[in-house]
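There are two complexes below, and they share chain A, which is joined by chain B in the first and by chain C in the second.
Take a look at the complex of A and B:
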């Protein structure tokens, strides 16, 4: 009947929710920065720009991805993370404190906080990797799990380089390799951690959630290896100071453009066309990845700096779009699953846990934020409008998550359990 | 036999339909659930709530799951 797989297929709701609830809180901090310091946020290497980038990539995107990994490892891997409540509490606390310290270190120029951030973030990521990676080695055959393994290793390397740079910021001494380390740090973070994970998760969920034709087995099996090879080549290229360093970027862009086209095609040609806001987020996210890749190509060809900024913003919004879509699936599933497995007769259906109407408003607020964010590198003051719409978006996201959690606890206290008396 | 053929349905409809049917299952009734994937989360819900199941994949990769709450019913015998 059930061969070797654990029956505890979903982590407790609180394990995932503590990460997801923190996402909109950091989102609101970022929105405030955009409203009150739009010029600084968009000025390359300005302390507030670096604070914003780390709020976005650590506090929002990585926070959401870590929470989702607790869920995905259980469901896909069949080997849940041991002691998930304790582990998630430790990782979440360290990661939150580390992100706050790093953002404050940049924003207020407090050099000691770079060391504090390095210790907290490094501890969180090392602890996360040491509990997750052993579950992802051994007899793993699932391509998505192999992709998760590569992504977590890339996160570890990204964090290691981040800590090296944090010590430079703390001491004010920047070695001759600082620029190379920085480039390697963000290449590993953006491609090795974020793109690697999302591409491999797409291989699993696009087909499963939206009843599409499967991705080609060759792609699923090899895309991770190719990305690792190209990233290794890029690092080597940089440190040997070889000419035309953008060559490796173009290989990554070609590969990811292939992913964009093939995913869009699958979403367009899906067998059933049930209206679901999560698919809007997936489509939007994939389109944003396409914009990021095209803008970066434009930047390489023209050296027009604003295009590089557009590319980074579009890439971050690509990841955020997928995270919002996944949250809209994971949270209702966990609420429904735990109530159903506890035997509640009146468990709400998943589409009512976060009502469609509120999900649609969230999507439209996200879309408006995207438009303003992509225009902001050309008209800086538009970032204020972007900050206002993202405030509304993150406030609604927070409300949706809290409402889902309250519904869960309300049903636990007042729900009716089903009985099997004939 | 209650037949739920969810091969063409998007997640999470198959899970919800099957759990709904399971909640209303009477006596020796059996649900025959057909799905593209093995619905592993469903098994925890079933076993925690007094259900029994038999899950098998056919040569075309389709999963057939028979579900009952009658402990005396031989699911092997009715599995097709």
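Take a look at the complex of A and C:
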């Protein structure tokens, strides 16, 4: 009955930081590809395009989401992840090696690396799921937790299909279901893993941290179920080769557009009017989701391929915007929390750990990158400018994270601890 | 039930905090000080309701003396210390410090509230069962 009220307010800093620090490193790799091979990156199914997509969705977005889940589980899940330092080290190492192998497999056409990538990424995700899922299925339950469960299950299924596809790339033999598996793979990854998690986290974070009116209880309770139902229907539709396969996409789009409108409204009408950069990232992210949904609708109606590319780019930037906003809160909070809990009297306040000025510059670099990225499908060379601004953005992100970590270690070594003798 | 009653009190405290923060952001210093004082008293009263009545009754019913309620008491101590720091910053006119401390306070408070609303209060509701209404009445009658 009383099983599992987490006693942890936060996991150790290193647990989350190792994931977050890897995000800008992969971001810099992606920026280089955009600068030196813009045409290949934007050519559908080109090996460098596939390498870029996996750098973006695995190395940047999923890496950030896995790190954030280690933080959120201890607060939202009711039970801390056991031995978080060891678990995060294993998962992070496997996931990083897997992502690198997959990107190199695509970029350099080394077929053996697809198998290596499948083993590493599969192991990382299965290990992560087998740790997290039992904790999420405990006696405590709420809508955000249910969404986290569905997201992790979707990640597991996405990885399974990814491994199937990796074996096809490794052997060069593509079965008759390859296209269907690929569509199911990215549908599960984009909607089941990324959108599912962000929507359910928003239900908690937007309402509580920005003090807004609550989301509708019905929506919070049912949006995950509807997304699962529609994704299942889409897969069935595809495998039965039924006409008008976009029908299921339109249901997902309507649902997510509802989320965009209600979240924007809540952020606009929030009671806590003090503006910080995390709100800008949330608003920007939600607006980008809106752009992604509208562009995809435009693509379905017009069959204009560039709109599909815009939709995918906007969707990725939506996730990145939310991740950058969350990182900007999680990292200073963890640094402050661990130092202050250890009794350091000279613990810096959050706004001095990542100064507001640097956070604002990061946001403006992100915004500039967004503009160039959304124009790139129409004017390919603009992707070079996008690569340059994203280089600056990821370099600054890396600097912010390293500076926060150094400040933490510096205070640990040289700070003054509270004691009754002081 | 306990969950609804205490959750509404959390929201009322949040509202007072945002009003104080908004007033300070608008440079309405006297208004901010008055609103913060209301928030300060409301939050301490909320902690008192839990520590003096709710948690003790829950612990007696369940025999869980060193479990989740103890952790919540520990977090109350941390939050109270931050409340004092914010009060000091506001009194001394260090408004940037007030916002800076307020940022970590708000995250910690909301994480704390999440745990209570999603885990502890439902446990207390189950433990108190039909006596929950009497407990709510007792809490309402507690002087601030």
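Quick note on the criterion: the second predicted complex is superposed on the first by the 412 of 422 C-alpha atoms of A that agree within 3 Å, B and C clash if a C-alpha of one lies under 4 Å from a C-alpha of the other, contacts with A are read in each partner's own complex, and residues count from 1 in each chain.
Just so it is clear, contacts are C-beta pairs under 8 Å (C-beta built on N, C-alpha and C of every residue); 3 or more make two chains touch, one makes a residue touch a chain.
Here the structure is a predicted model, which means the values were calculated and not measured.
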| item | value |
| --- | --- |
| Touching partner for A:343 - first (chain B), second (chain C), both, neither | first |
| Touched partner set for A:75, first chain B, second chain C, both or neither | both |
| Which of chain B and chain C A:173 touches, first, second, both or neither | neither |
| Which superposed partner A:333 touches (first chain B, second chain C, both, neither) | both |
| Which of chain B and chain C A:142 touches, first, second, both or neither | second |
| First, second, both or neither for A:271, with chain B first and chain C second | both |
| Chain B versus chain C as contact partner of A:44, first or second or both or neither | neither |
| Which of chain B and chain C A:209 touches, first, second, both or neither | both |
| On chain A, positions contacted by chain B and by chain C | 1-2, 5, 7, 9, 75, 78, 208-209, 211, 271-272, 274, 276, 329, 332-333, 336-337, 340-341, 349-350 |
| Interfacial residue positions of chain C with respect to chain A in the complex | 14-15, 17-19, 21-22, 25, 62, 64, 67-68, 71, 75, 78, 96-97, 99-101, 103-104, 106-108, 110-115, 118-120, 123, 126 |
| Chain A to chain C touching residues, read off their complex | 1-2, 4-7, 9, 75-76, 78, 140, 142, 145, 204, 208-209, 211, 271-274, 276, 329, 332-333, 336-337, 340-341, 349-352 |
| Complex contacts: residues of chain A adjacent to chain B | 1-2, 5, 7-10, 75, 78, 208-211, 271-272, 274, 276, 329, 332-333, 336-337, 340-343, 345, 347, 349-350, 418, 420, 422 |
| Contact set on chain B toward chain A in their complex | 8-13, 16, 19, 23, 25-27, 36-37, 40-41, 43-45, 47-50, 53-55, 69 |
